[in-house]
């Protein structure tokens, strides 16, 4: 298929590579064009503008345009100011892979529908190594026809596609709730290990028992390892991004009148962490923060 | 071996049965003696007093005395007023399976040492069905010799024994921290599903994605199921006991000057739950509480 | 002086009346023009558009334009879309009486400076009865010359003017922090009275002791009275507005990396309150919410 | 009247002096007898044992015995092990001035009633300088006759006596709730000033506005001054004691199933403070803790 791909960061680049490997025709764009080199080397075309990846009536519209950007602001800038929305046409399905706010997810879906194009929200669970290995979990929501059109593409990038219904923002709600659970899992281990350390038990010893029994799941195994080793750089997921996601949860919860005291608590811990350490550290730094509060760090 | 077993509740009874099945000579005691019937039917001896399970110099001391009681108060009553401590002698290892406070764990270990007997703290992770299937995870701490003496017995009751060092209270610290993590996991799912429900996504749909991916671990699969089905009776673990354990964490954290805001938050949610519903419900009721706060219940 | 006044709500109307009483020449505007009747009856002129209150070069620019609107959105709409900013000119000082976000306070000050006009942020503490009695406490920040120009006008509306420095947003920071303290005071009394009630002591009895001793200040006397009498309607300050202000604190705190766990807690209590009761109740309803959580309401 | 007084700490000593000044016959006891010197110099008798202050049938029972000790443990030790309870007789009213747990307040009242003696719980609000000036606020609960008997004595030590009903523990509930409000007030100012400081406004400038307007009450004026001056030594009320009182609130709230998230939050802040600074600092140190969390300290 003919595909556009915008946003070649740590997640976007390996995902685009997987589409290329699957034999699709790829036109890519990134703010810093040098990020596209590995793709161009394997046959992708580098567009001069973001809008260009959508194709044209004469040369043929793209079947799908994927967007993987950091947040609402970046997305808005590229899609609106960058002319992508204006360039979208009927045959194309815009696939938004980014974690965006529920409010913007709704607004964007409406705008794309207004262009007659398809829209699928497809936020992903997984870090860049899982993106490279096509092992992402992808939650996909949108009109059945649009999802069907892009399903083989999503499958080329993910381990499993989780359908989430017709309304695109449903996928974003699930993604935001999932990231809230991740953040909470780190806070939980942060407090538990501050507690065990204060009683003379090393974080590694405690977490070994937990992550091999009741908590033998990736969220705990992966972050437990970082916490046990106090290894917060290089960041797999930066505190700053974690804060953004927890704030997305709080905002969407507020709109729906849902108190989320645990989300509020994690936000405060992340602010505390950010006030003390650089924004480039992994959000597993919450463990350091809990230790500092207990006078242990 | 010659074994005493005190406390035949929902956990104690199946654990004692497993010791009997393993071919050991069992003397048991329970406040309500009728609970002992299934054991007596299979050859156990029912003691008239708790102290009696320790054996005597003339007839032979027990090799191990297991105690599985609800809390510090129950334990204190049986061990002190009930004369068990007084009846302990050198050859016996007292194995405390209960979840007790860190402070009492330390005090008890010292008292037993004063009698010349051995002491092992061996709190367990798992509910009664896992106890019946000898699938418990048992954290064991105490002097190496004492642990060695009772290891085959613990193995007869558990799937895996996790050694936790010489100081018995270390096992209790791990157990308390683990139960804090369980409680936090429920709170996390409670808030996340209140959030997704308020945005039109059923708890079951959201939790299916989570518990098959990042959170594919027993803590989330088991409690996620209860939450998705809003099935809070019969309780696998009662709110009241959950509150007790979270308070054990808060108390031991306070002594060590460790702020645990998440533990405090869960305590408040449990109080809220208990103020509205009977103490006999499962602590997965936290999901109901989060939903009520959001006007959804 | 020649004055424009935009926003004749529960606060704006009595404040504008006080300017009129002080002998100034007033041109007013409000979305619903009928709100202006009491002012017109006493000699004010009703403008056809918001921009009109700024005056013109030919007929003379206003010396001051006051704006008292609900939030950033309302303000932005009137000032930008409504053309007020475009109509501002050198001699005029724009006085923003509203509680706005720190970020917008900064942006607005810059925009007004760009027009060559003066800008004073002058948020007020006090409810509508205090506005009517010219008993408001007004925090004023901005360039010294601009403040000097409008000082007699502020004095006509307030009991005391609190200078807060050159940077206009400083007044907004103080106002937001003050409202956070008010919200926290209500939460504090809410929890304390749930506690005393659960122990058989009426809220009124407890609050009488407090508000005549350590807490003998308006924040506690006024809200304590509402709580003791469970009188939440008509609202002196609506929950919805309280939520807005606490969220202003949380947002500005986030930007500056300041954890404010108490602000987060109050936000959750307000969400809980709003999820159960109408948005028209007074934010003293937090007392009802705390009582409900304890099973007392 | 013939009076016994036990506990001559920072509060007890000036209170006893006021009784002496009022012309009463005083027998005093303190663990460190040298604390009694200023009293003995003015005519008080120093008892050899705590029990002795109760008097005897032959020489005459005391009309009232006052006790001012640090906590449940200290009180229990002196009253039980120290023989005071055993020495109490019909004509005497035991007046407990200390801040004790609700549970112990109830138990103690029952024990004293069992001796046929009277019992009044009379916890006080105020620091040692207010004790010296007889400016304390004293909340008094107990049987009407018992209160009547000691009222002139309480009046000699306080500015105002607040009757709180028949059941003695009611006075303790009020005292505990009041101290929770004090602790919350400090936390509130701590967070608010971290927020304003991060936005360039000195704590003193912000607190000046607040404590002269909405928060013009002793709780805010006194602690606001300490916070503005960052003066945490010598402590008027030590963090350690503040923690004790907040924990009394949490415990009594738990028993009554009342969630108090703000009390839990303050406890965590106090633990954080204690984990970093000595126990001898004033609990206004919460301001330092909030600043540290924001990277400002």
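The letters A, B, C and D name the chains in turn, as written, and every chain counts its residues from 1.
Please note the rule applied: a residue touches a chain if its C-beta (ideal position, glycine included) is under 8 Å from a C-beta of that chain, and two chains touch if they have at least 3 such contacts.
Being a predicted model, the structure only gives us computed values, none of them experimental.
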item: Touching both chain C and chain D (chains); value: A, B
item: Chain of greatest Cα-centre distance to chain D; value: A
item: Between the pairs B-D and B-C, the one where more C-beta pairs touch; value: B-D
item: Chain B and chain D: spacing of chain centres that average the CA atoms, whole Å; value: 39
item: Chain centre separation (chain B, chain C; CA means) in Å; value: 54
item: Sequence positions of chain A contacting 2 or more other chains; value: 253, 257-261, 265, 268-269, 271-272, 275, 293-296
item: Contact set on chain C toward chain A in their complex; value: 243, 247, 253-254, 257-261, 264-265, 267-269, 271-272, 274-275
item: Of chain C, residues touching chain B in the complex; value: 261, 268, 271-272, 275-276, 293-296
item: Residues on chain B engaged by chain A in the complex (per definition of touch); value: 102, 125, 137, 139, 160, 162, 164-165, 167, 169-170, 173-174, 176-178, 180-182, 184-185, 187-189, 191-196, 198-201, 205-206, 209-210, 213-220, 249, 252-253, 256-263, 265, 269, 290, 293-296
